[in-house]
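Common to both upcoming complexes is chain A, partnered first by chain B, then by chain C.
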Partner chain A sequence: MSFSSPYFTLPKFTYFRPKSVGEAVNLLQKYGDDARLMAGGVGLINMLKERLMDPKALIDLKGIPELHKIEYSESKGLLVGATVTLNEILANRQLKKIYPALWESISVLSDNNLRNRSTLVGDLCEATPWVDSPPSLIAYQSSVIITGPSGTRTLPVESFVRGMAQLDLKNDELVTAVSIPKPGKDSRGRYYKFAKGTEFGLVNLAVVASGYEHGIPRNTRFVYGGIADTPVVATGITEAFRRGVTGDSVAHASEIIKESLLWVRNSAQPLEDNLASAEYRKHLMEVVTLQALREVLGVR
Partner chain B sequence: MKKITLNVNGRRRTANVEDNEILLDVLRDTLGVKSVKAACWRGECGLCSVLMYGKAVKSCLILAVEADGAKITTVEGLSRGESLSPLQKSFVEHGAMQCGFCTPAFVLTAHSLLTTNPTATDSEIKEYMSGLICRCGTYNQMLPAIKEAAKHYRKHASDDL
Partner chain C sequence: MGNEKTRTRYIGRSIPQNDSPLKVTGTATYASDIELPGMLFAKLVTSDRAHAKILSIDTKEAKSVPGVVAIATGSDFPFRIGIYVGDRDLLATDKVRWVGHPVAAVIAETLQAAEEAAEKVQVQYEDLPAVFNVRDALKPGAPIIHEHMSEYRVFPAFSPVPGTNIANKFVLKRGDAKAALDKAHLVIEEEFRMPRVSHAFMETQTVVALYRRDGVVEVWSSLQSPFAARYLMAQSLNMPVNNVIIHHPFCGGGFGGKAGLGWEPLVALLSKMADNKPVKLILSRKEQFVSAAVREAFIAHVKAGFEKDGKFVAYQADFIMDCGGYGDYTVNVSRTTGYAADGSYDIENLDVTCRAVYTNQVPTTAMRGFGYPEGHWPLEQLLDRAAARLHLDPVKIRLVNLVKPGESTTGTGEHLREDAGDPRRVLSTIVKELKPNGRIPESKEPWVIRARGFALNVKGPSQPPNASGSSILKFNEDGSIDLLVGTGLFGQGTTTALCMIVAEEFGLPLEKVRVPFERGTDSTAYTWQTVGSRGLFVDGNATLGAIREAKAKIVEISSQVFRVPKEDVVVRDGAASVRGRPWLKIPLSDIAMAYTYPNGNAIGGPLIGTGTWTSVLNSYLNPETGQGIPSIFHTFGGTGVEITLNLLTGEICVEKGVQVEDIGRVINRLGVEQQMDGGMIMGMSISLWEKMQVDGQGWVTNPNFSNYYIARMKDMPGEIRKVAIETPQEDGPWGARGVGEMTMISVAPAIANAVFRATGVILRDEPMTPETVWLAIREQRPDLLEKAMKALGGTSDTTHLQRPLVRVKSGQNETS
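Showing the complex of A and B:
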């Protein structure tokens, strides 16, 4: 390009396209912090253009066949390889029924033409507060599968994402897949994204509920995104649902709603940035939480 | 420098590229395919969209070396010589453009939608096209243009279009 702005160019790097995970790990060992992994490249190339990173080696994982697998089984749940694109996940309508919260969070993520390149693992590894998939991955109790020189380890997504753009991942390791267990019986799931005038959710909420007794789910996970450096699991709401079902279920449901909203009011400490104040985010949290509670409890 | 080979609209094209070159720039500057537009360079406006193996992607966020061996379709690939495809004709007939800068990307993306879902509803079309921006605001002409053309996609296999 004949423009002078750095935004129209990329910094210099060497492009590698390994054919196996082992080959990729060897490259990571050789280049250490000077290496960057690429799957879809959507986030990465933008960050390179912004000069937020300056790698010597760019390792494209798309040449590794085993990372491009998406598999579902009743016993193991869903396994999504590192280079499976978001649209490849959405193309499977069966997954919409089994993992509605995940499916919805992906369908509102960027747009069709980007979803043809972006990957689920890439979205997760970007680890910015507003990325859509981590809250629902955590709500489904998913794990990442990590391979390094000493072998393979598995880690829950909630401990994998450590902070803003920080992962529990050494510079010679790579995430090969994310594993999403099959949710419990009668499971319901929803994803709420409150984004106005911006693609970034001010408040995101993934909800998965299962184990219904008399219309009340015993196991629920409410996981917020966009409100802190990492997704926030609403432990207080899980607790409110877990207390034994007593008396009539209508009264019980309203008790759960009261307790859950009280937890949001007293415990939530959303971040403040140029998109929204903390006070406004807290208000939005209460609004989406109430919507979600009514949905999983089936009340109006 | 690496030598890459692309299949652009059925023609074999080769280019010598640096590892850090963007596909958009190689298509426009090295291969001279100027229908692929450069506007935001960051994946937001969608005007650099091309079909890669039939799927609409934004070429400003793809490295040229990544695309080595790929089958790329640009808007020229939809017409047969001077004869426009039904979708292109429909855009013209509905006046679905003003300055025309975004038109190639919209036509290509609509083509990829209609080949996979020729019965797309209004909301499905809007959602599918939401990654593209038309600064002239001709969305209300594009929607009927796409719906009209959808009839042809329902009648024929996409290869005949």
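Showing the complex of A and C:
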């Protein structure tokens, strides 16, 4: 992961600013692997300066009005177009109440300058392990809407992000929006980012819980970021909650905590890089998981 | 004149820096803003090997890129440069010494073309065995990084050891440390380490150079010390010194990394190569990290001996500094680390060795603090450790050992002058502001603890004994003044303070005194360098000399005009007047260019004052014992911190800082406070997070500010208390001493001491990142970690969870 560049200048390419999605798809078809999409350009310009890619055509999506839409409805939830910036999302205070985990994950993402340019879709499509938005998008069971020459398809974010900078996306397709369904009525959510002395989280965790019975939620999603090439959904923790409450809820909560920790200890295999060792990441996972469990279970 | 405590108009007040308006309005001109007609651009080609012979450099393809003018390689410049040890090639010749070592430079009409061509330069290497750490570099049979060391030009104070990787070895000896350690009541033996860190100045190094056809070289450079750069450049290019003109535009931060000589000679010669067209080189951030010089890393093996009462009787320390591919400036850091290793304490028996050792890593240079942060990191921790072992208070143990100005001699045998400062008052002020033994509020979360700690510091400028400075003061027609001083301007505020002194002395409004911001070596007064917190002291004293001379002229002229003895003339409120007869008064504007009598006769002439300052007390240090007088003053100070430490994650947050320095006399209070804030934050950032990481092949893996983290706004302490103590030093300007670097020195040990006091955990390594602190807690106090985990609910037994969520009895839902 290296963002600084020995170069000040960009490699040579042709710059396109299509006015419609159709036009963009045509360009993609024409240039294939030699085309590159650009939203805010925050990640992309760095990659170009690093000479990590050498596109012939740069397709700037910011001239397409229909991609710059952000819509919320009770029935469909939230739809965020491909050129909506992070600060444009944060400007909508109502969203903080409805999607607290997503809102938090965006608000702790780097700094204000960067959030003014970066887009949610761009952050997602960058698909590096440490980007903040994918875990909370997955926790809210979001999907991406993809348009290509043969029309539009929809895909859960979980299966869209396939690996380090790898997407389930053909070279003639683009993401037009992310769709984030409305969570359950009693839903709670939090985002944890452990980034003291680092730009990126060593461990990120998005948690969404709903379906509370006797103080214990039945539906939870714990989604970790920064620990593997793609976000990791803690299936073991979801399972532990799903069983529902039987008998004394305190004893039951203890069981859930125990099982969740067991999942972290036995199933998580965090990565090691120059920011942190795998061992420390694992420990942080335990800590952050416990914090999240307390939050979800209402322990003070 | 000088240090009498009278009512002052400016001295001691808070005055905003005079260069701020241009900076905040974006109109200040930096080196990168310089554009000259026909200017070309340079781009470096750098090594991707740590240690390798250069077999061939193929520039054919690169030269075919349209716009390329020329490509230089090492063989074009067959000589070496350097301030203290001339060990630097302009471009690698024969071999490369680290990953990032510049091998070639492309000159082209556009930056785009230069960068494109730089990618196309093909270098063939033959790898040589590389060595990445000092211990390996010192082993017999280690690969030798500088085979031709014996041919290098070496400044008298340094001792490289040819045939080894030792760039300098410094020894400080006093008494018999070994014998004293054998007898001591308590001996603590320990190893401490610091990594390479970046100066992280905002503006990367930037040079524009024009090699004129008349043989004069003009340079615009983002540097600290125009005159040192001029001299070293003339020396290395074998030119008359006045054929080199260094222009000093605004400089976006230096912190030592732009002291001495940088890229100036390279770019000048590129200009010559390019048919005398001007050439510009701007380093990218990555190049700044890997191809320029950073702060050295070190390992210190120390043994400290104490008596029962806390008396520090013996100190044995072996510092090994990793100076990387070049030792150039770091040899002097190693000398300073050695002679200053005893800090502010009177230790009878000293045996300190400091070696600067070449490795195949990024080269190193001066940095804010210059050897003192290095020495204080072990020293100030050892005192707290000894205090704990001896059941003494950390304050008490320092009181037992602090030097006494007027009585003590420093480790180098310098008798400390009576007015050198008041370290005891520094200590009591820290105690008062920090209350290290007071009640510390508990934090809300049981796994987070609050702790307080402190450390003292001392520092003087590390410079050659004869390093001097000068000042020229010119009156203008309206009685305003242009002050010409050669001190560099990169945010430290010296020129504001100098203007305040001049305005004070003549009783002029501050607006009437100006230091031109953009100056050149051919148009301003000489000063050796802008380093070591020497600016105000040296250039201030020189300016006082200039003021004295101008005043003498004013007095001379006015005594003739008034027909009174010279003793009766006073210069104040922007006028010359006669004592006791205030109606006899001439405004300085009437004397500035010549005083004119009513009949048209004139006397005097354009008023100008000059002053110089050189230390007459300093000396080289004895090569066997390190004895001698290295510094022109010592500023005593200290830092206190209140931190929170998260036992679960190892996170340290500095909640409150206390900065105390005995700076003799406050000239600009705001300037002093800005240094104290800046030193606190920089010190905190370096000690908690900053570290250049290197992989097994010698590649720096975090050469950017995403991965090399420096403190952000969100990391700032809630409060930084700042106290300046004023024990005036007779030979300081208005009694002042320097303060710039001192404020950073004791931040790291203060934090480590806070952790140690609260937990007993010893932190031997900088930076104290969450992970390293967590590891240290886990290793040294596993019980604390376990307790913290338990409090969070992270043990198999969770029944202790205090206030359970919800108690469910027969299907009811009641929240507690």
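As a convention for this text, the second predicted complex is superposed on the first by the 293 of 300 C-alpha atoms of A that agree within 3 Å, B and C clash if a C-alpha of one lies under 4 Å from a C-alpha of the other, contacts with A are read in each partner's own complex, and residues count from 1 in each chain.
Definition applied: contacts are C-beta pairs under 8 Å (C-beta built on N, C-alpha and C of every residue); 3 or more make two chains touch, one makes a residue touch a chain.
What you see is a predicted model, and the numbers here were worked out from it, not measured in a lab.
**Student:** In the superposed arrangement, which partner chain does A:261 touch: chain B (first), chain C (second), both, or neither?
**Tutor:** So A:261 only meets chain C here.
**Student:** Just checking: does A:274 make contact with chain B only, chain C only, both, or neither of them? Give me first, second, both or neither.
**Tutor:** Once the two structures are laid over each other on A, A:274 reaches chain C alone.
**Student:** Counting only touches as set out at the top, which of chain B and chain C does A:42 meet: first, second, both, neither?
**Tutor:** first
**Student:** Applying the document's definition of touch, where does A:291 land relative to chain B and chain C: first, second, both, or neither?
**Tutor:** Only chain C is touched by A:291; chain B is not.
**Student:** Using the superposition on chain A described above, determine whether A:283 touches chain B (first), chain C (second), both, or neither.
**Tutor:** The second partner, chain C, only.
**Student:** Between chain B and chain C, point out the one touching more chain A residues.
**Tutor:** C
**Student:** May I ask you to decide whether A:13 touches chain B, chain C, both, or neither, giving the answer as first, second, both or neither?
**Tutor:** It touches chain B, and chain C stays clear.
**Student:** Can A:126 be said to touch chain B (first), chain C (second), both, or neither?
**Tutor:** neither
**Student:** Which holds for A:58: it touches chain B only (first), chain C only (second), both, or neither?
**Tutor:** A:58: touches chain B, not chain C.
**Student:** Could you tell me if A:116 is touching chain B, chain C, both of them or neither one (first, second, both, neither)?
**Tutor:** Touch status of A:116: first partner only.
**Student:** Please report the chain A residues shared by its interface with chain B and its interface with chain C.
**Tutor:** 1, 7-9, 111
**Student:** Going by the contact rule set out above, which residues of chain C touch chain A in the complex?
**Tutor:** It comes out as residues 46, 111-112, 115-116, 119, 282, 284-287, 289, 648-649, 651, 653, 688-689, 693, 701-707, 709, 712, 767, 769-771, 774-775, 789, 792-794, 796, 798-799, 801-808, 811, 813, 815.
**Student:** Residues of chain A touching chain C in their complex?
**Tutor:** Against chain C, the touching part of chain A is residues 1-9, 51, 111, 194, 196-200, 214-216, 245, 248-250, 253-254, 257-258, 261, 274-277, 280, 283-284, 286-287, 290-291, 293-294, 297-300.
**Student:** Flag every residue of chain B that touches chain A in the complex, lowest number first.
**Tutor:** It is residues 2, 18-22, 25, 29, 38, 41-43, 46, 49, 52, 55-58, 61-63, 65-66, 109, 113, 127-132 of chain B that touch chain A.
**Student:** Can you check the complex and tell me which residues of chain A touch chain B?
**Tutor:** These residues of chain A touch chain B: 1, 7-15, 17, 41-42, 45-46, 48-49, 58, 60, 62, 87, 110-114, 116-117.
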